[in-house]
Amino acid sequence: MLPTLEFLNGCSEAEFVDLLGSVFEYAPWVAVAVARRRPHASVAALHAAMLAELDALGEGAQLELLNGHPELAGAQARAGTMTSDSQAEQGSLALGELADDRAAVWHRLNADYRARFGFPFMLCIRRHTRASALREFERRLANERNVELRNALAEIGRISRLRLAVRIADHGLRDITGRLTTHVLDLSCGRPARGMRVELHETGDAGRRRLRAAETDAAGSTGAALLEGEPLRIGRYELCFHVGEYFARRGVEVADEPFLDVVPIAFGIAEPEGAYHIPITVTPWAYATCRGS
Amino acid sequence: MLPTLEFLNGCSEAEFVDLLGSVFEYAPWVAVAVARRRPHASVAALHAAMLAELDALGEGAQLELLNGHPELAGAQARAGTMTSDSQAEQGSLALGELADDRAAVWHRLNADYRARFGFPFMLCIRRHTRASALREFERRLANERNVELRNALAEIGRISRLRLAVRIADHGLRDITGRLTTHVLDLSCGRPARGMRVELHETGDAGRRRLRAAETDAAGSTGAALLEGEPLRIGRYELCFHVGEYFARRGVEVADEPFLDVVPIAFGIAEPEGAYHIPITVTPWAYATCRGS
Amino acid sequence: MLPTLEFLNGCSEAEFVDLLGSVFEYAPWVAVAVARRRPHASVAALHAAMLAELDALGEGAQLELLNGHPELAGAQARAGTMTSDSQAEQGSLALGELADDRAAVWHRLNADYRARFGFPFMLCIRRHTRASALREFERRLANERNVELRNALAEIGRISRLRLAVRIADHGLRDITGRLTTHVLDLSCGRPARGMRVELHETGDAGRRRLRAAETDAAGSTGAALLEGEPLRIGRYELCFHVGEYFARRGVEVADEPFLDVVPIAFGIAEPEGAYHIPITVTPWAYATCRGS
Amino acid sequence: MLPTLEFLNGCSEAEFVDLLGSVFEYAPWVAVAVARRRPHASVAALHAAMLAELDALGEGAQLELLNGHPELAGAQARAGTMTSDSQAEQGSLALGELADDRAAVWHRLNADYRARFGFPFMLCIRRHTRASALREFERRLANERNVELRNALAEIGRISRLRLAVRIADHGLRDITGRLTTHVLDLSCGRPARGMRVELHETGDAGRRRLRAAETDAAGSTGAALLEGEPLRIGRYELCFHVGEYFARRGVEVADEPFLDVVPIAFGIAEPEGAYHIPITVTPWAYATCRGS
């Protein structure tokens, strides 16, 4: 069971550091420092205190901290020698299993970035798909060094916020996760469409991957959100609604080739912490969608 | 240059048969018979007269006619020994170039059909995709023999009508071709969307195949229809509208991952001679489509 | 303060009858009867017990009960001699203040109905507008007597259920009220429309009457429902959305005569206990609405 | 029968002036001048030549021309002493029949305008409703004198262009008239809605006035345009679609109070020479409209 904030405010420094020392990669001293400033009024306040420690460092010490992080899809990733947090983060994109030609792209970017800035590329990978991570990598390579130093610390802030959230039971952090929901309204009868199959796919350069399959309930929703509880990865997605099957079951007379069968809605996610509601209204002959609310 | 109906009504019988003898596969006698009934008031009347010859035949002679036709994806197709009309018709689906396992399916169906009914499967192939042809084949295999005899003659009627149309300059036949059009209305400014790229793909079992690429004009249309001048093949299609590119060019501020980028509209065509108008209305955040008119 | 069910289950019979004796018009004996069957597990159960008393009556006694009720827009209404409940119910449609020619219509219907069936017309008036009440009156006048006897008791069931609900604090009755809500989504920016004025009007024969004015909040809703807490009256309504004003404030360049200014959505309510959600999506050039959910 | 341009180019000067002398109010000399410049290549060229005569005038002569025009809703209008053209133009808005209080508003504006600028207010009244004419009047009253002199000549250009068009058979003028059309698509069956009644009303300050009633044909259109052949008057309008009646006739089961009955679409016209296409898509439970094309 995860500790509560109350517990963390009251436990020994050793326990505190044991629990939170890995929030910053190879930098348990951050936990040590904020342990001495207890109590913290909220997890957000605790996190802010941690980031204040980083901001207070001279550039030399900041670079040391940055250099404690592994590269994305780098040598450590392939060798399997990263911290378990980094392994989980990079593993979520399977960056250790890239085909040789794709790995070469990352290798080159890592080398160029380190040569240009003197520290590895920082990215809160849980907010990205491979495609958006690569695009971000290429864009940031063109920045000024001082801009990138700021960017790197900002990304460490994002990474550590997520790491903190999974270590504290009652973290109460808002805006660290996004939410993707849908709804189907059958305009031929003016009621929510019940029992329509829906699938969510991630699309994009890395190929098509089914993330979820669900079915609409009596309210026209899929019950639980299609995605929630973590950041939405910046990238492209497709929702597929099995409209033809739905109307066939309702006894709508349709041709051998129904006009609408599986309706694909292709969309992009740009805000990992955003609420994306993507409803459709549908008849056997028409549909409409939008970014809803 | 193609002859006119007037010319056909006035030419010699030999010329007439030379021009129209191949409308029915290996049955120039049909042309001979109707040459003697000239003049014909219209190409539709001429065609009706031809079909009346077939209807007047006894079953034995009808079977002989049917057996003059090649199988679909059959031995003659592979050997390249079909009439040029049949080659063009079957060639339009590349039925002579099926992979072995797919060819085996057609082979089995051909064999089963001939065994059951005593004549080859007739299908006006220009109205079909591979998927719809196969589905039709399987369904018709379950029919009663007298139903199939009627179906076979009806398909020969469809085939010969199309063959007639390409042999006569002023054929005036309506309803032998279909039409697929689109239109894009930009609801963010209340005007047709100009310069949006649109692509039409055939989808389905045989894989995805791009049929047309076009761009919308000042009226929001693609100028010429996306498909016209022949029957629309029964099957599944996808229209792809390059919405993201269009709004980016209009200076709409969008995120790295625009909510809408390429908008796919997947639809089925069930009526080869139908008019399919599939417009979309669009903003950077929403779209709607329907079977329009 | 209203009594709770627990209090009603525990109080003296006299108190019980004092509190609930007027639930049935001039028939406190119903309350007496069910007081003796306490405790009642729920208000629904209490109401069912009350109706069971009515069902158990012979026709003579039922007619006596019915005849205790005033006519709609009848002599008692004009004279102001009805019970306060009936006054409130009929008063909600201002049936005592009809113009002479309209009053004459009701008078004739009352007379015809009583002549035909021997008891006054029963209607749970809180579920009706004048127009729907009149239509119902005319239709029911054509029924068989036994059907109307059943209808009359059913309406008394509806009336008494509402009367019970306003007499018990924790009545827990579902489905005695309806709900009308709206939502505005601005498709030109993919976000809820904030600060749009909305008005709800009752329309119909009796003229146009504004029921509510509201403004959309940051979520695109009006906060509280436009109608709730009582049955929705069967009738016709219009929602007016001040779209032109909204877009003008957002700096959208529009002509002197904007294409869209006040957008009227005219709709009917047929289910007094239903949930009507009527959202619109809108740009300066287009809008869509539906019975949503 | 109206003369053709060819006739006008060949006839005597006297005939020419007889036919076109009243195109400019009390200024037959314009026709005289352009008669001497014949032939004119087109009616547009003829009109341009006429306007060139006006432009070439000194300010004194221009003022004289302007002062030959009657005021809007002025003394001449009430006395019935205007030219027949002016009578027809002002009569189309019934400006001679205003209630006293409304007439007083016009009277004041006329007086203020003449006092400020020294000539009467010029407006091509066929492009306006009363409301838009009044608004234009008030706005232009605030202009600089030289701007108003230009505006006055521009309006005389518009007036004379319309007068010219009704005097020449083959005038070939484009863009002197607008066009309002509609279309109804029934999304419950994917086909145009046939036989739906549609009404067009002018709305606005001067009250509600029905301009047209029509019925949709098999193509979902009203056949002829709802408005065409003259400028569309700047103003507010309402299209009413009898949706409830349509679906009832199609056997759609609906409640006593159908959700949709008469669907009003309120819109503004800002471009008198524009093409307004206002289609709706509809099911018994939803509809959408837009400025189409």
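When the chains are written out, they are named A, B, C and D in that same order, and each has its own residue count from 1.
Rule of thumb we're sticking to: contacts are C-beta pairs under 8 Å (C-beta built on N, C-alpha and C of every residue); 3 or more make two chains touch, one makes a residue touch a chain.
Remember, it's a predicted structure, so these values are computed and weren't measured experimentally.
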Item checked: Given chain A and chain D, the chains that contact each of them -> B, C
Item checked: C-D or B-C, whichever has more C-beta pairs in contact -> C-D
Notebook entry, point to check: Using each chain's Cα centroid, which is most distant from the centroid of chain C?
Noted result: B
Notebook entry, point to check: Quick one: chain C and chain D, Cα centre-to-centre, how many Å?
Noted result: 47
Margin query: Taking the mean of the CA coordinates per chain, how far is chain B from chain C in Å?
Written below: 58
Item checked: Sites on chain B at which at least two other chains make contact -> 187, 190, 259, 281, 285-286, 288, 290-291
Notebook entry, point to check: Which part of chain D faces chain B closely enough to touch in the complex?
Noted result: 183, 185, 187, 190-192, 219-220, 281, 288, 290-293
Item checked: In the complex, chain A residues that touch chain B -> 132, 135, 234-236, 255-264, 266-271, 285-291
Check: Mind pulling up the chain D residues that touch chain A in the complex?
Finding: 187-190, 259, 281, 283-286, 288
